[in-house]
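In the two assemblies presented below, subunit A is common to both, partnered first by subunit B and then by subunit C.
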Partner chain A sequence: MKQRYFSTFQLILLALFSALVIVAKIALRTPLQMSGHSGIFWMAIIIVGARVVPKLGASSIIGVTSGLLASFLGLGDFGALNTFLSYAMVGISSDLMLWILHGNTDNAVIAVIVGIFGHLGKFLTKWLFGIITGAPIGFVALGLLRAFLSYVIFGALGGLLGWLTLQALKRAGFFAYLAEKR
Partner chain B sequence: MDQKKRILLAGAIMIVILGIVLGVDFLQRQQAAAQAPADMPPGSIPIFVDGGFVASFVPDDLSQLPAASFVDAEEGKTQDGWLLCDVLLFYLGEDNLQDQSQVTVSSSTREKSKTLTWAEVENKENNVLFDLAGRGTLKLVSTIPGFDIRDSWIQDVDKIEITSP
Partner chain C sequence: MRVSQAGRSRQLALVEDSPLRHADPRTKLFLSLAVSLVVMTSIERLLIFLAVYVLFLLWARLMIPTLEHIWRLKWVLILLFLFDWWMINLDHAILICLRLILLTGVFALFFSTTNTRELGLALEKLRVPYRYAFSLSLAFQSLGLLDDEWRAIREAQSSRGALPNVSSFWKFITNVGDLISLTVPAIVLTTKRAWAITEASYARGFDSPHRVSYHSLSFTRLDFLLMTGTIILLILLFWR
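What follows is the complex of A and B.
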């Protein structure tokens, strides 16, 4: 019998991470009034998910699944398609960067870089949507640069938070437990 | 390729992405500037009173407007920016605005608009304000019942019209 790429157990874990992204989006709040600040939480979850299920495509599955959930829950200001693609691109661009770096998020530098690019995937989706739909030019000159930098910073912080969470999970013996379950 | 080179490649990709985003934005502004009249700089929001163009809401004037914010009940996010009443008073003065004046804020790209009376706009408890969206466009938000959820808010605002009774 042909072995499946993701086991059922792994798919369940990825679905749980997807749900966690949505819970984080709805429940966790920061007092920061900057675009993309919620990336701290969901990039951390993606980074952890990509290590718990260390296969290419794991982040994409988290992104696509959370995108579907977010669309059906009516999250976001720019419609369901925009919401779905934004979430999906977070996962897809994280996977793309993991593939380019040939590494895993156990490494702090890689976790930060993956966090940045995953979050930039969301920024680029929103920006492209604006261009395609003919949205008016930004009111504030260099507003895009500010938003870009904001996404980079919060993506990096999310990557770092994810890496710290992984270290804590490792110390707690989570990966040894997971190896037994497999 | 070793890890160091891969990390450098990632840095280069980020710089290329930033260059593309800023380059496209610059080109769009150049194109808009070539087409728009001098008193309507690219990105500004034109204000019309009874069908006649009066002024453009431009970012240069933001420093003269007080900041305002509220936390929306739907997602608990803080919407912050500038009150519509402050914007209109700054550009039009009180003489052009009466309690029954109709203020219509619209977005041509989203094909959405909202008409409110000046009394509703002026009431600061209604929090009728422009929030700066992540991609740099303005979004009209409020806490007025029925106009307090995302679906009803006006994203990508590009016109303000005042009609007198």
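What follows is the complex of A and C.
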């Protein structure tokens, strides 16, 4: 039988992680009125996903699938195209960072860096959307400067939360359980 | 399909009575992408196109979902319009707002008239491997279950007093480690579910090399009409 890049289990796991990203996004209610604060959970899930399925493209699959789910559910204020691209970019930029750093998210520093740049992928989409529509750069920059800092902070926190989750899962014997299932 | 948490709910709202429900998802994807290209035209052509587009939306009974998308943007549109008018000129302000309105609403054509099963079939026809198309449908169908599980985890941890206090930004940052009380059980339960689904899929011959779909997509006269009409309109709009 042809050897597949992702096994069926891995593909199903990534699909469910994508659904978890959406559930976390809808569920997270904090009194913080800061843009990008929900990224803390979805970056954590992507960081965990990238470690549980340690292959290039795993984060991108989570991003693209969650982007399609979010578009179907009407999440986001700038329409389905923007929503899809934002979520997809989170996954793609996380994968890109993991590829550049040649590392895995077991390392706290790498997890935080991937969290920041992954989350900034979403920010970049919003910025590009503003540029494509021809909105004045000054207006966009002014509005997005605060958002940029917020995305960096919550991306880093998401990376950290993902790393902490991985350590807790490791202590609980999760990866031994996973090895049996593979 | 409904996902709801803490007073916020999201639902897949298909416009069942839209004539576009009978169109092939590939056609709708083509329409949405083609209409997105129109943002690159001048203000005069954009206005002409919008007049045609509004008539099309009325025919497709998609005016309300599209307006709902645009309504969410009202404050951004107002601010952008005023800012552009003040800084540049009225024409530019109108152009930017029209572009934003078009881009915001255009994919309602696709997402308000297509369900995930149809999208899966369309992806298969577009040569995306069946396993990936299947995983998309699976993710969508699992939303409700994961939502229930997430809610149960929250309630259980909340009753144990294990959820951190996130009433302020600093408390949120200093207590971020405590959020693993939510993420760890969610990841473990999701993995267990993934394994159960994998076993069920294998039992049903998921990886069979001779698999054929029960449903299949095919272009109808409506699809050809929509595609031809869109292409002609685009050629006219971009002509010189």
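Assume the second predicted complex is superposed on the first by the 173 of 182 C-alpha atoms of A that agree within 3 Å, B and C clash if a C-alpha of one lies under 4 Å from a C-alpha of the other, contacts with A are read in each partner's own complex, and residues count from 1 in each chain.
Methods note: a residue touches a chain if its C-beta (ideal position, glycine included) is under 8 Å from a C-beta of that chain, and two chains touch if they have at least 3 such contacts.
Since the model is a prediction, treat every value here as computed from it, not as a measurement.
Colleague: Fit or clash for subunit B plus subunit C once both are placed on subunit A?
Modeller: The answer is clash.
Colleague: Thinking of the overlay built on chain A, is A:Ala176 touched by subunit B (first), by subunit C (second), by both, or by neither?
Modeller: neither
Colleague: After lining up the shared chain so the two structures overlap, which partner does A:Leu157 touch, if you call subunit B first and subunit C second: first, second, both or neither?
Modeller: In the superposition, A:Leu157 touches subunit C alone.
Colleague: When both complexes are superposed, which of subunit B and subunit C contacts more residues belonging to subunit A?
Modeller: Looking at subunit B versus subunit C, the one contacting more residues of subunit A is C.
Colleague: Using the touch definition from the top, say if A:Phe78 reaches subunit B (first), subunit C (second), both or neither.
Modeller: Both partners, subunit B and subunit C.
Colleague: Determine, under the contact definition given at the top, whether A:Ile113 touches first (subunit B), second (subunit C), both, or neither.
Modeller: After superposition on chain A, A:Ile113 lies in contact with subunit B alone.
Colleague: Could you look at A:Phe41 and tell me whether it touches subunit B, subunit C, both or neither (first, second, both, neither)?
Modeller: So A:Phe41 only meets subunit C here.
Colleague: For A:Leu16, select first, second, both or neither according to whether it touches subunit B, subunit C, the two together, or no partner.
Modeller: A:Leu16: touches subunit C, not subunit B.
Colleague: Is A:Lys126 touching anything from subunit B or subunit C once the two structures are fitted on A? First, second, both or neither.
Modeller: A:Lys126: touches subunit B, not subunit C.
Colleague: Looking at the overlay, does A:Ile26 come into contact with subunit B only (first), subunit C only (second), both, or neither?
Modeller: The answer is both, since A:Ile26 touches subunit B and subunit C.
Colleague: Could you name the one stretch of subunit B listed in 60-68, 78-86, 96-104 or 150-158 that collides with subunit C in the superposition?
Modeller: Residues of subunit B that run into subunit C: 150-158.
Colleague: After overlaying the two complexes on chain A, where does the subunit B footprint on subunit A coincide with the subunit C footprint?
Modeller: Common interface on subunit A, subunit B vs subunit C: 26, 29, 74-75, 77-78, 133-136, 138-139.
Colleague: Of all residues in subunit A, which touch subunit C in the complex?
Modeller: 1, 4, 6, 8-9, 11-20, 22-24, 26-27, 29-32, 34, 37, 40-41, 44-45, 48, 52, 61, 65-66, 68-69, 71-75, 77-82, 84, 129, 132-136, 138-139, 153, 157, 160-162, 164-165, 168-169, 172, 174, 177-178, 181
Colleague: Would you tell me which residues of subunit B are touching subunit A in their complex?
Modeller: It comes out as residues 3, 6-7, 9-10, 13-14, 17-18, 21-22, 24-25, 28-29, 32, 42-45, 59, 62, 69, 75-76, 78, 80, 107, 109-110, 132-139, 150-151, 153, 155-158.
Colleague: Which of the residues in subunit A end up touching subunit B in this complex?
Modeller: Contact set of subunit A toward subunit B: 26, 29, 33, 35-36, 74-78, 97, 100-103, 109, 113, 116-117, 120, 123-124, 126-127, 130-131, 133-141, 143-145, 147-148, 152.
Colleague: In their shared complex, at which residues does subunit C touch subunit A?
Modeller: Going through subunit C, the ones touching subunit A are 3-13, 32, 36, 39, 69, 72-73, 76, 80, 83-84, 87-88, 92, 95-96, 99-100, 103-108, 110-111, 116, 119, 131-132, 135-136, 138-140, 142-143, 146-147, 150-151, 154, 166-169, 172-173, 176-177, 179-180, 182-184, 186-188, 190-191, 193-195, 197-198, 201-202, 206-207, 209.
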